[in-house]
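Okay, so subunit A shows up in both of these, paired with subunit B first and subunit C after.
Here is the complex of A and B:
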C-alpha cells in the first residue's frame, strides 16, 4: 500500500512550527486568553504573598508556598493553572487543521514540498512552543515577584522543584493541545471541534471527579461486613479518577510543590507506623512518586497525537 | 601576785601590818615627823604614794626575740610627780626602750590619783639558756628614787612544727565524682609562719586547695603560732580513670618545717556504653522490601568492662531488623565493637523517612539511638512508566510507517 518516500518526512517542519507560533503570537485570541491567565496568576500570587506574610513564620520551602497557598476567595496559583492551561491549549489547537480547510489553504500548503507529517507535527510543535514560552514567562513572573516581595532568593531545591512543576505543566498542556489537535482533524467544522474540546475539558475538570465515585460505587459495591470491599472501591475510584489528566496533573503538582507529600494513594496505618510525618521527601523521591502520573500524561499525549496523525493521514484533503 | 614596788618614805605606814604586807620590798627610810599623825588616817584610807609596778616581774624570753613587759606608774594622793625613767643592770649591747603612748619616752608625769601605762621593750641577746638575769627599772622623782627589780630567764626556743591531719583519709566514688577531703593543718611551733601547700597525685588528677568552705583556690596559707585551720582538698580524677585505688600525697611546707599526709581515692568503675550509627551518622537509606546492612558501633567510655550487651530494635510494623551478632559479650573500657544491623523495610513502606530505634542493653549500661531510614520505593514503577511511554511511541512509529504518505 505504501511506497518509499523521497527525502525526509520532516522537511519544512521548523518553518511550519515557527510560522504557526508567530501566527499564534499575533492572534487576538491568544492575547485575550493569556491576559486572562496573567491577571488570575498575578491575583492569586499576590493573595498568596499576603497570606504567607501574615501567617508563615519559617518555612524551608517558602517559594513553593507561593504556588500552593490560597487566600479566600482566590484559589491558589496551581489550581488556577490546572483550570486555565487546558483553555489556552484548546484555544491554540482547536482549529489547527480544520481551520486550514475552512480557509481553503490546506491544499495550497501541501502543494509545497512538505509532507503531511511535517504539517501536523509542525502545527503541534508550534502550539507547544507558544505554550512553553507562556508558561516559562508565568513561572519567571511568579518567582520574580516572590524574590521581590519576600526578599529571599529561592534555594536550589526550590528551583529544581519549580522547574519540575514547569515541566509537568508543560506536559499537561501538551495533552490538551493534542486533544484539541485530534478534534480539529476529526471534526470538519472549527466551531464544532472547539465545542468538542471544551466539552472534554469540562467533563474532565468539573464532572469527572463527581462521576468517578458513582461509577466505582456501581462497579464495586461496599459489603458492610467486609471492610476490604471499601478499600477495593476506593482503589477503583482512584484508578477511574486518574483517567482524567486533571487528576494526574493535580497529584503531580501536589507531590512536587508540597515536599512533605509521601504517597498519593490510600494508606494504611501500619504503613505509617514509625514514619516521620512532615519530613520533606528528597527531590528525587518526589519525582519517583509522580513518575507514573507524568509517564501517563506523556503516553496520553503520544496516543492522542497518533490518533490525530492517523486521522489526518487518511483524510481526503482536496475537497 | 605579789606587787613589787617602791614606796615613797613620807607616806610610810609602818604601824599597819596590812599595809606592810602589801608593800613588800619597800625601802625603809626614816619616817618624817608628821607620819605619826597620818597613821590613824592611813588605816582607814587607801595608801598614798608613788609606785612603779609591773604585773610580771619575772619572765622568760627567747634570744633575738623582742619581749614587752607592761609597767605602770601610779600616784595615789600626791601632787603630780615627774619621774625620770631608766633601766640599770642590763649587760652591754642589750637594747631597751620604754614606751608610753606608743612612742619612746624617758620621763613620765603621773597626775594626782592617776596611773600612767608604760611598756618596757627588750631585745635579749643570745646567752646562757636558763640563767636568770637581774636588772632593775629605775625612776627618779625629785628627791627620792624608785626602783623595780626584775628577773629575766633566757628560754629555749621551741622548734617549729606543723601537722596535717585528714578527717577522712580515704574516699570512694566514681571517676566522675569529686573527692573532697577535709584536712586540718596546725602550726604547733611558737612562730608565725606561711606555709606552701603541695600535692603529689597520679598524672591527670587535679588537686585544688581551698580554705574551709571558701571558693578561692590556695597555694599558700599564713598560720599564726598555735593556729589551726581546716583545708578542703578536692581531687578531680580524669574521667577515663580506671577502677582502682589512687594515693594522693598532700604536703605543707613552712620556712624550715614541713608536714605531709596521704589521702586515698578508691575509684569504682562503671561501664558507659554509646551506640553510634555508620560513620557517626544516624541516618541512612534503604529500598522498600530489600535488606540493607548498616554497621553500628558500640563503644565503652566507662571505667569498667561492659558485659552482656543485647541488641534490640523497635522497627515500624512490617519491618525486619536483625543483628549480627545479636549479643556482645564484653567490651573493654575504651574499646569498641561493631554490630551489623540489617534492616528490611516493609514492602508496603511509603517513600520517605522512618524512625527505627536501636537499643543496646547490658549489665548496668545501655544506650539507644534513633536511626532515620529514608525509604526509597522500588524503581519498578519507573520502568513501567518508561514502558508505557515506549509503547505509545512505538504506536506512533507504526502509524507513521503505516500511514505515512508519499
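Here is the complex of A and C:
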C-alpha cells in the first residue's frame, strides 16, 4: 500500500520538527531535566578539577581528564552523562505519539497534506535537535570551565576526541529517544509509556550490569580444570552487557577520552606485544576501536525507530 | 453536474466486524450532503475512508477524481476536515495553532496570516486569537476548528458533528456560513444528530443503518417513501366514515386512526380543502383540521422503529 502512494513523505517534516523543538524548549518538563543535568555536570566537573589540581601530573591529555575523573562521592562527568542523558531523551519522547492521541490533535494534523511518516520523523528530529543543542552547550560549558580553571587550552587532538565524544553521546541519546518514541507509539497512555521507558532506563543503567554476570555464570559455568571456560564466561558476560546501550556508550567514551585504551574486550598478552604499556593510541585508532560500539548504537536506533514506524502506520486515526 | 465524491461498494472491517458494509455514495459539487444514523452506524468511519485516514477493506473511492489512498496529499490539500472530537495544542494560542496547520498545508505565511485573521473574525474568535487554547471552552474550540477549515479554503468540507457544543447563535451562524459557501460551490458533507437542522440545510441525506445506507435522497422524497407522504393532515370530525369518504381521493396515501373521530391523513400534497369538502359532502361535521409538513425527525423515527439503537453490528 505504501509503495504506490504519491507525494513526498517528507512534506511538512521541517515544520513539525521545528515546532516540536520549540515546544520542548518552552516546556517546564524539559527545563527541569536540563537543570538536573546542568547541576550534576557542574558538580562532577568541579570535583574533577579539584582532583586534577591535587594530583598534578605530566598527563598529555589533562583536559580529557575533566570528563573522566571522578572524585568521591561524585562520579565522573561521563558516568553522569551516561546515566542522565537517557532521562532527557525519555522526557523528550515518551508522549510523542500517544500524546497526540490523548490531546485529540492527531486526526486534525493528519488531515493536513502530510504523511504519518513526516509526523513521526519530525518528532524524532525535533527531539534530536534539542538534544544536540543541549549536549553542545554542555560540552562548551565544560570545555570553557576547563580552560578557565586549568588555565590551559585543549590540544587539537583533545578537541577532536572531545567532539567524537560529543557525537557518541548524541548517538546514545538518539537510541534512548527512539526507545521513548517506540513506547509512545505502542503504548496508548502517556503515563504508562513514561513508566515503560523509565523501567527500561533503570534496567539498562542500573540492573543490567548486575544481571549480566549472573546470567553469564548460569549460561557458561566455569570448569576449574579448563581455564578457557573462564574466558568463555567473560566473553558471554561481555556480549550480554553490550545489549545495553549504556555499556556501548561507556566503552565508546572510555576509548575516546582515555587514549591509552587499547582494547575493549579481554586482552591477551600477545595482543600487547610490541605495544608499549600505557602508550596512547592515535585518535584514528581509537575511533576504529569504538566503531563497532557506534555502529551497534546506530543499529539499535534504527531498529527501534522502525518498530515505532511500523506500529504507527498500522494504527487507526480516530482521535 | 460532476460528482466530487464517489464511493462504490465501500467496506471497512475492524477485525471481523464491519463498521462500513458496502456503501455506494455519490456527492455532487456544491451539495450539502448529510450523514444521519444512530451511534456506531458508520458515519465517522465513512468520513475517515473519504479522507484516506483509514484504509478500506474493499471497494473504491474517488474524491475530486483522486484516490485518497494513493494520492492522499492531493486529496487532503483540497479537502477540509473537522473531526468529531477536536483537540488543539493547549499551550499554543489560537493563532499559533492555526498558523501551524496552515504551514503544514503548505500555505505561504503572509497568505496564511491573511486567511487566519479573516477566519477568526468569521467564527467570532478574533478578540481571543492570542489567548492560549487551554483557556477555551468546548464551543470555542469547535469554532476554532471551523476556522481551520475556512483557512484551508477547501473545495470539500467534511464536518463531523460540527454543531456539537455550539450555542444556538453559533449554530445559526454555522448554517449561514455553510449556505453561503455552498452557493460559492463548496461541497459539504455533514454528519449530525440534529435532524431539524439537517432538514433545513441538506440538499440530500443518507440514513446509515448498521454500516450500510438504508435510505438516501432528498428529504422530501424520503418523507414520501417512508411516511407515504410529505404532508400530514390531522382531522377531527363527527358523523362520517373517513375511510369511505376518502376512498379514491387523489394524493392521499394513508389513513391512521388517532382516536375516536380523529385521524391522520398522509398525503403528498396539501389535501385539506378536498378532505373538508368530502366530509361535509357526506353529511359529517368537521371539528378541526391541522396540517404538518413531515419532518426528517419523523422519517428517522419511523425508519428505525423497533430497532435496537445501541448495537451496530
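Brief remarks follow.
Keep this in mind: the second predicted complex is superposed on the first by the 313 of 319 C-alpha atoms of A that agree within 3 Å, B and C clash if a C-alpha of one lies under 4 Å from a C-alpha of the other, contacts with A are read in each partner's own complex, and residues count from 1 in each chain.
We take it that a residue touches a chain if its C-beta (ideal position, glycine included) is under 8 Å from a C-beta of that chain, and two chains touch if they have at least 3 such contacts.
In this text, all values refer to a predicted model and were calculated from it rather than measured experimentally.
When the two structures are aligned on the shared chain, A:294 is found in touch with subunit B, with no touch to subunit C.
Of the two partners, subunit B and subunit C, it is B that touches more residues of subunit A. Once the two complexes are overlaid on the shared chain, A:303 sits against subunit B while remaining clear of subunit C. Of the two partner chains placed by the overlay, only subunit C lies in contact with A:112; subunit B stays clear of it. In the superposition on chain A, A:72 makes contact with neither subunit B nor subunit C. Judged by the touch definition given at the top, the superposed model places A:104 against subunit C, while subunit B stays out of reach.
When the shared chain is aligned, subunit C comes close enough to touch A:7, but subunit B does not. Counting contacts by the rule stated earlier, residues 4-6, 115 of subunit A appear in both its interface with subunit B and its interface with subunit C. Chain contact summary for the complex, subunit A toward subunit B: residues 2-6, 9, 115-117, 262-263, 267-268, 270-276, 279, 281-282, 285, 288-289, 291-292, 294-296, 298-300, 302-303, 305-306, 309-310, 313-314. Within the complex formed with subunit A, the residues of subunit C that make contact are 14, 44, 48, 51, 53-55, 69-74, 76-77, 79-81, 83, 85-91, 100-101, 103-106, 145, 148. In the complex of the two chains, the subunit A residues touching subunit C come out as 1, 4-8, 11-12, 15-16, 19, 23, 26-27, 103-105, 107-115, 316-319. Listed in rising order, the residues of subunit B touching subunit A in the complex are 315-319, 346, 348-356, 372, 374, 376-377, 379, 381-382, 384-386, 388-389, 391-393, 395-396, 399-406.
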